[in-house]
Every structure is written in structure tokens, then in C-alpha cells.
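There are two complexes below, and they share subunit A, which is joined by subunit B in the first and by subunit C in the second.
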Partner chain A sequence: MAILEQGLIIGLMALGVYISFRIVDLPDLTTDGSFALGAAVAVRALVTGIPAWLAITLAAIFGAVAGSVTGMIHRKFKVNVLLAGILVMTMLYSVNLRVMGGPNLPVPRVVAEKSTQSFEEMSGGTGLEDLFGELEIKTQGRALKTGSVVKNIFNNDLNGSDLLLIIFIISTVIILLTIILRSDPGMLLRAFGSNPSGIVAFGVSQDTLAVVGLTMSNFIVGLGGGLFALYSGFSDATIGQGMVVTGLASVIMGEILLGRVKFFYGLLSPIIGGVIYQTLLSLAMRYGYRIGFLASDMKLLTAVFIIVVIGVRQISTSDGKRKVKQEVKRLWSNSKISQ
Partner chain B sequence: MKRVLVCVVLLLGVLGLSLQTVAITAIVEHPALDAVREGIIDVLIENGFKDGENIKIDFQSAQGSVSTAVAIAKQFISLNPAVMIGIATPSAQALVNATKTIPIVFSAVTDPVSANLVPSFGKNPGNVVGISDMTPVKTQIQLLKLAIPDVKTIGIIYNSGEANSVTIRQFAKEACDALGLNIIDITGSTTVEMIASLNAQIKDVDAIYIGTDNTAASSMESISTVALREKVAIVAADIDIARTGGLIGFGFNYYQIGRSTGDLVVQILNGVSPSELETKILGQESLILFVNTDIAEQLAINIPQSILDRADLVVEDGVEKTR
Partner chain C sequence: MVEFKNLTVTYNQGLENQKVALEEVNMKILEGQFITIVGPNGAGKSTLLKVILGEVKPTEGLYMIDGKVMNNMKPHKLACFIGRVYQDPNTGIFPALTIAENLIIASKKGGRSMKFSKVKEEAISLLANLGLGLETRLKTKAGELSGGQKQSLAMVMAILSRPRLLLLDEHTAALDPVSAQKVMELTQRINREYDVTIVMITHNMEFANAYGERLLRLIDGRVAQDGVRDLKTKAVAALC
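Moving on to the complex of A and B:
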């Protein structure tokens, strides 16, 4: 159940990646940053006392702003979209630290008052006090930090309510997205992705479409980041690390499983892929250590997986398709014989 | 074919094994955190809990990634372990946020209250208890001032991306204010950034203070090279950091922190509820004072006899002696 919940949230983030990589065909690397931005904004909002629903909406909006900045840098300054994404992602690292006011911000639980005490205050001293003479520092009373009671939308008790909530949010996003992408402007966006120059004939600016596409993508990524932070209970400066690759892997896994499908089902592929990715990750961590596999190796495997899938597709669409098939068949029968 | 494979893999994931398990996770592997883990496991063995015999120890490192830490926590829950151990802040937070019922012991967390792990030190209702590695920052700054009386400006090297270091920096600032010392932040989120800002600011500082910062710990070779070249002394909160070119170190032995954590784990395995146990720091008897007289000589610093008398470890002519 926990794997399913977390996988669905990763899937939502992957849906954002699906929009940038597949629908508008712009490889956007802002994702790592906007995911963390969404997480930071959501938790910061909760700490400030903003209701959780509004907090995740804000997370999505801030993510969208980050995406639009990438889009503007890419189109207005004619910067390569990869570089533009990296620039924004790098900026966001600093921004996120500002938003969180530190490297790590927990979702406030039901807490009353608390204070951070120094070692000397708690232990009654270090036993070296007599050394210091006039250097002695009087410890003054520290102001108590007052926390407030904040209601998280997730209760983490695995009774299914979290799962329903996540499914509800994802369904809402997919329904809205389908409506938008089936409308006339949405059609233009999809057309832009498959044939950017063809769009000129419609008298629509490519710049606008690119910016809108990246904005939509990062809106969803930011939402995913916000949900992930509330679900995990904290936000951290490094929470977005490797999200582009994770998202891309989820998209690809979903596509493999679903195959060629109608547009609406295509939107579901990253969600399904996210769940599969999360399952594989937990399996790898659960059983993989027996063969010396570490959780940290997952990033390497993920990237290799993407390369292999792209490689296989490349071969299978080229003239070499038949030859490769024969070769595989030959190897397969050889291996049977040797057994 | 591929689809069938994926489906089989999915099914396997649903099937889980349930064993009497001690699940340990750390945010990253480095000497101090590894020492914590060794301490825990040694205490378990001494109390008759052996991996593979009557318990199963499952260790996962998040390799520095918070999202991996969360995934590890969620996956631990599915094992329904007898107790879960989180080493360092993000790993402990991930565990605490994943369950309200399975007992959790955290270790090497500097500020468990701010990290929302427990409402306060001492006994708390709930399923969480642990050992903090909060270090005596005030005393470390006092030692620095005592050893180098004419010090005016202290450079604090830390990664502002590490929550523990931000708390320690706050305490250091308060101590420096009280002693009339200026403070300069030398920060970097990576080893490379840290050395760059150190090179840029070293001329402005009379001494360097380093807390229990993980990034600084892994940059110590370069930091001490720069500091010794510029004849600037380093005082550290971690003995292992101080051993690499530091003048004075005053802090805990992480193996000891692990052993204290292990004591809590043993009690929980013996059926004691975490709410009966106290979240605490180690006592002053576990503190170690380290002085390197070779470095003092190199920097022409006269370490007061009063400090040398109290030192537990002294480096003299290249040899470390225990007092």
C-alpha cells in the first residue's frame, strides 16, 4: 500500500515529465528544481498556517512559475532548452533554501512549545568549566519556539484514506489535462510537439506554446513535489535530486506496459510507470542486497534502463530490425543447447 | 513478453516476508555514522542478539538522497520490524513520518526537537526515542579563545545544506557574541565550493571552527592544507576532523553514541516501550579532548598547561598518546 501511494505520487511527477518530453517535445531539466520548490513551498505554507489544500495549490503554482521562467529563457534569449533548465534548476537550489529558511523543514505535527537547548544546558556542563575563568559565558534563557497545530492532509496510517486522496488528486489532474489538451489551444500544443515548424501556418507563436508547455509540465511537477513533501512529512534541499530521470524511466515503463494507445490512456502511462518504478525500487532494496545491490545503484540502473530502451527502439525502427531479431533468436537457441 | 515479466515482478512485490527484524538506515555512509552502526550492532551481540540467529538485521543507506530515505522508510514498514533505527536527521525523519506504531530509535541527530522527531528530551509518549549528538559548542569556542587569547575573528566552515550544522552555527554565534568575537561564515554546499570560499576568506580570519559538518569532514585534507599554509588554527567538534590537521578537538566518540543507541534498542527488543525510555545526549564523561602540540608548534601557539592537563588525547612528535 505504501509503495502504491508513493508510486502514484512519483507517477504524478512523471506526468509532468511526460508533458515536457513527450507532448511538447522539449527536454526540460527544470523538474529537479521545481519538484523541490513545490516541496519547499508546500511545507513552508503549512508552517505559516496556510491550510494544506491551499499549500499544495501554491506548490503547483510556484512550480508553474519556475517552468515559465525556463520557457522564457529558452525562447526569448534563444538559450538551448537543456541549458535553460539547468540554469533554473541551479537557481532553484538557492531559492529553495531561502523558502525553507534552512536545508530541511519538517511538516509541523501537533506540537505545543519547544526549544533547542545547547549541550551545556542539558548536561549541566562539560567538566571543563573551571578552565575558563573570566571567559565563562552565562547562558541566558532562550525564547521558546511556539508551534501551532497544523492538519496535514495525509495521516500515514495506511488505512486507505491517503490512497483515495492521492487517486482523487491524480484523477482530477488527468481529467483537467484531457479537457485542456482536447480543446483547440491544447491541440495546437500537441501539434507543436510533433511538428514545431508546421505550427507557423496556424499563425500561432512557437514561443508562447513552448512557454505554456513548460509551465503546464512544471505545474504538475510542483504539485507532485508538494504532495511528496506532505506525504513524507518533510521537505529537504536534496528532495528533487534525479527526478527527471526517475520521471523519464516511469514514462518509458508505462509506455512499454501500455503499448500504443489512445491519447487519454497515454496520460495514464507515467502514472502506471511510477508505480512500477517504485515497486522495482523497493524490490531492489528488499532483495537486492543479497547480490550486493545497493539502493544507491538504482540511479545507475535507471539511467542504463532508459538508454537500453531508447537503443532498442532505435534498432527496431531501423533496417537492422530483422537482423537483430535473427541474432537474438540464434543466441536464444544457442543458450538452450548449452544448457 | 515484457509485460508478463513486469507483471511477475509486481506480484513478487506484493508478497512480503515477515521476520523478527531490526531495520537500520543511515542517510549516508561515512566514518562517524559507520561507527554509530558498529556500536549498535556490538551492543546487540553482547546482549545475545545475533544477526542471522535470533534476529535479522537489515541495513540500508540512502546514499545522501532524501527521497531514497523516504523510500527506505516505507519499505521498512512493510517488513513490520521489531524496531527501526534511523542514523542522522533525514533518515530518522523519514522513519518517524512513516509510522506511529513501530518503535523507532534515532541516533546521531543533533537537534531532534527542531527536527520534529520528539517533542522534548527525556521521556515522551509515542514510539520514538533516541540519542542526540548535540556537541558542546560553547565550550569549544571557549577552548579556542583560551588557547589563542588574541583571536578576534573566527571563521565557521559548514554546509548550510546540513540542518545539524545550521543549529551548531547558531550556538557558535551566541558564544562568540558573548565573548566579543566576530564571526565569518565560510559555507559551501560541496567540497569544491567550500574550499573556494575558504581560499577567498582565509585572510580575514584568525582561527577556524568546524562543527559536526559532513561536508567539512570530507574536505578536511584540503581545509587543513590551506589553514596551515596561512597559519590559522582549527578547532573542531569532532575528533576525527581534528585529527586531520586540527589544533584542538572536543567532542564525542561516535562509537560510544552507537553503543548508547544500542542500549535503547536492546531494551525495546526485550519488550520495553519507547515511551518508557529517555531521549538523551551522552554525559560529559564520554567527551574527548584532543590536542595536537605539533600543530601548535607549527603555528607558534602556546597551548596553556591547563588545557594539556585535561586532554585525553595528545599528539606529540607525530605520535598520538592517550592520557
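Moving on to the complex of A and C:
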């Protein structure tokens, strides 16, 4: 059950990758940074005492801002989208450390409702009035109101009790996305991904669509990051590492499984792919040691999987098949000569 | 409608590989004209179209529409009243969208709040006139169509977007003779029935002779010939 829950959250993040890579056709690498930003913002918000629902909303909004920055760097400064993504991702590493105030931050169970008091409250006067140190600082008897519990939206008991909530969130996102993609602006977004230069001919600015597409994508990635942090109980500076590749692998796995079935504009494929990816990951972690496989090898395997799928797709085109046949023939004739 | 005054376009200005693509071009395109532009490769034909579309900015001279200077106008703003169809059938359509969705985008060009239901009948009759059976396949993805079908769809989209000026860059070059003929007939209909000014680049002299009422020949970035053609005698009376 925990695998399913985690897989669904990874699938949600992959949905963001699906929007950038498949729908608007912009290979966005901001994902690694915006996922971690979502996680950092959500946990920091919770630590500050902000309700969990608001915390994940903030995570999504901050992710969206990161995406829009990438979009603007890409379009306004004519920077390649890959480089723009890398720049923002690098910036976000520092930003995330600042947001968390350190390399990691656990989700609090109990926090002080008011852990600090201002100078005015302690001294009964402003700093200016205390220029000569005449005011008596009342540090004695300062009562901290502790014990108010910040309620996490997840139970974190790994027995499947969070499953319904996760499914509810993902369904809401998919329904909203379907409505958006079906609307006129959404149609323009899909058209932009299908033929970016063609959209200009119909009086629509490419800049706007690219920024909107990347904003949408990273909104979902940020939301995924926030949920992942609340679900796992912590946020970490390296939590987003390799998320683009994980997301892409999930998208590809989902597409292979669903084939040409394109309900909801194919939005289900990354979700299903995410669950499969997480299942494979946990199987590898549980049984992989028997064949000398380490959990840390998973990222290597994921990237190799993507390369293999792309390679197979390339070869399966008729042109590719012809080239492979020619190559095999050439090698065959060469080997005969060498004999 | 469109006017060029001493229009010069230089690529890579100031660099070693500097190239003058257009040199002191002076011409007027009048409302409703059907102009064909011919000339060898590298003569500046496509650059001229790119200037009209705002994709290439003039290095010197003026590009005006209705007397207003458009030298620095953004391409998507100019596109509000200029349509275009290129040689590659995939450039004028959106392959991932259905035929119906392609038509909807065309009918809402430039943020027009036109309801598709208002133009649906016209779109279907235009598609039916082409005789390709596209009108019955509105839910088919445009990417699944053949080259000729895609180009025909692009032309229908161009009509629905109600341009004042339609730019065609070898739009029949990738098509078989039958499809090319059909697309050319549709092009002429757009000019006559919808009163759309057409500027067409072609290497096909047969089409240039048969359809263009004014012929512009570019050589090395300069206007070598500009004349009104008598479509019956096919003789070109020089304008300049």
C-alpha cells in the first residue's frame, strides 16, 4: 500500500514532467529544483504553523513561480530551454537551503504556537526608546504556548490510510487539467506543443504559451514535492535529484502500458507509470541484493531504460529498420571477408 | 496595402559572412492582387515574405501597411491579419490536434471570440469542396493525414482565419500534381471569392503563368522584373 501511495505521488510529479515534455514539448529540467522547492516550502510552512492544506498549495505556487522564471529566461533572453532549466535548478538549490535553513528539515509533529517574542513585547517599548538601555527586559516569566499540534494531512502510518486522500488530490488535478486542456487556452497550449512556430501564424505569442506551459508543469511538480515531503516526513536539499529522469521514465512506462489509449489527453499514463516505477524500485531494493544490485543503482538503470526505449523507438521506424538491416548486412559481409 | 520603400535586408551585418538578401526594394502590393514571386534560390524571395511577417527586420528602408510603418512590429501581432502556408505541410497545421480543433484555432485567430458553430458550416463546405473526405473525419488527428490533405486543411484554416493578406511559400511543392492542382484552384478561389490579397512564391512556372495576375522576379535581392500579367496572352506588361 505504501508503494502505491508513494508511486501515486511520484506519478503526480511525473504528470508535471508530462506537461512540459509531451504537451508543450519543452524539455524542462527545472523539475529537479522545483520538486525540492515544493518539499522545502511545504515543510517550512508547516514548521511556521501554516495549515497543511495551505502548505501544499504554497508548495505548488512556489513551484509554478520557478517554472515561470525558467519560461521567461528561455523566451525573453533566448536561452535554450535546457540551459534555462539548469540555471533555475542550480539557483533553487541555494534557495531551498535558505528556505529549510539547513540541508534538511523534518515535518514537525508539535510546534510552539508562538516560539519567539518581539523586543517590544519583552521590553514594553521600542528599540529607539531603549537607546540608552533604560528599559527593563522582561525575560522572566515568558510563557511559551507549546503543545498546539500542526496537523499533517497524512497519517504517515504506511498502512494505506492515506491512499484515498492521495487519489482524491490526483483525481482533482487530472479533472482540472482535462478541463483546462479542453478549453480554448488549453487547446492553444496543445497546439503550441504540436507546432510551436505555427501558433504565431494564428496571432498568439509563443512567449506567453511557453511561460504558461512551464508554469503549469512546475505547479504540479511543486505540488508533488510538497506532498512527497509531507508524506515522507521530511524535506532534503537532494530530494529532487534525478526527478526529471524518474518522471520521464514514469511517462514512458505509462505510455508503453496504455499504448494509444488517450483518455484525458494521456494524463493517466504518468500516474500509472509512477506506480510501476515505484513498484520496480521497491522490488529492486527488496530482492535486488541477491544479484548484487544496490538501491543506488536504480538511477543508472532508469536512465539506461529511457535510452533503450528511445533507441528501440528509433529503430522501429521504417527508416531505422532499413538502416539496421544495412548495418547488419555490412557487418556480415565484412566478417565473411575477414574469414 | 503593403508598401516597401528602399527596403534592404542584410544578414550578419558587420560580420565576415555578411550577406545582402534584399537590396533597395521598392514596391506596392495593392488590395486584392494575386502576386507570384519567382526567382532562383537565394534571390531573396523567402526573406521578403519574412519581412512581411515581421520575422526579419529591415536593415534599412521602410515596410508599411496602410501607410503605417511596421518595421518593428511583433510577428504574432502582424499575424492577426496575415495568413501563411509553407512548403512543408506540417508547418501550417497542428498535428497533435484533431481536424475540428485545428479549424477552431483558425477561426479564433488573434483572440477573436468567434464561436466555432458560426463557421462550422463554412468549414465543412470548404472541406467538402476539396473532395478529400476530410469533412467526415473531423475527429481525426491532423498528423494522420497525407501531405496533400494537410496542405488543403492548412488552406481552409487560412480562409477561416480571415486574413487580408495570404503568403504562400511554394505551398504546392511537396504535393502530387493532382493535389497541387486542387490546392491551386482553392488558392484562386480564396483570392476571388474572399477578396484576399495573395503573395505566392513558386518555382512552378506553369502555376505562375496560369494564376498570378502580377509577376515579380527577384534576382540577387533586387527586383529584376515587376509586371501585370494578362492571363489570356500571358504577356507581362512592365510596371518598373
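Some observations on this one:
By definition in this document, the second predicted complex is superposed on the first by the 274 of 339 C-alpha atoms of A that agree within 3 Å, B and C clash if a C-alpha of one lies under 4 Å from a C-alpha of the other, contacts with A are read in each partner's own complex, and residues count from 1 in each chain.
Quick note on the criterion: a residue touches a chain if its C-beta (ideal position, glycine included) is under 8 Å from a C-beta of that chain, and two chains touch if they have at least 3 such contacts.
Everything numeric in this text was worked out from a predicted model, so none of it was measured.
By the document's definition of touching, of the two partners only subunit B reaches A:256; subunit C does not.
Touch criterion met: A:234 reaches subunit B, while subunit C stays clear of it. By the touch criterion defined above, A:303 reaches neither subunit B nor subunit C.
Residue contacts after overlaying the shared chain place A:91 against neither subunit B nor subunit C. Of the two partner chains placed by superposition, only subunit B is touched by A:104; subunit C is not.
More residues of subunit A are touched by B (comparison of subunit B with subunit C).
Judged by the touch definition given at the top, the superposed model places A:206 against subunit C, while subunit B stays out of reach.
By the document's definition of touching, neither partner reaches A:61: not subunit B, not subunit C. Once the two complexes are overlaid on the shared chain, A:50 sits clear of subunit B and of subunit C alike. Here subunit C touches subunit A in the complex through residues 74-77, 79-80, 83-84, 90-97, 101-102, 104-106, 108-111, 143, 161, going by the rule given at the top. Put simply, subunit A touches subunit B in their complex at residues 2-3, 6, 93, 97, 102-104, 106-109, 111-112, 114-120, 122-128, 131-132, 135-139, 145, 156-158, 228, 232-234, 236-239, 241-243, 253, 256-257, 276, 278-283, 285-286, 289, 294-296, 298.
Against subunit C, the residues of subunit A that register as touching in their complex are 184, 187-188, 190-191, 193-195, 197-206.
Against subunit A, in their complex, subunit B makes its touches with residues 2-3, 6, 9-10, 12-13, 16, 58, 60-68, 70-72, 74-75, 77-79, 89-90, 93-94, 96-100, 111, 113-116, 119-121, 134-139, 142-143, 145-146, 159-163, 166-167, 170-171, 175, 178-179, 189, 250, 281, 283-285, 287, 289, 306-307, 310.
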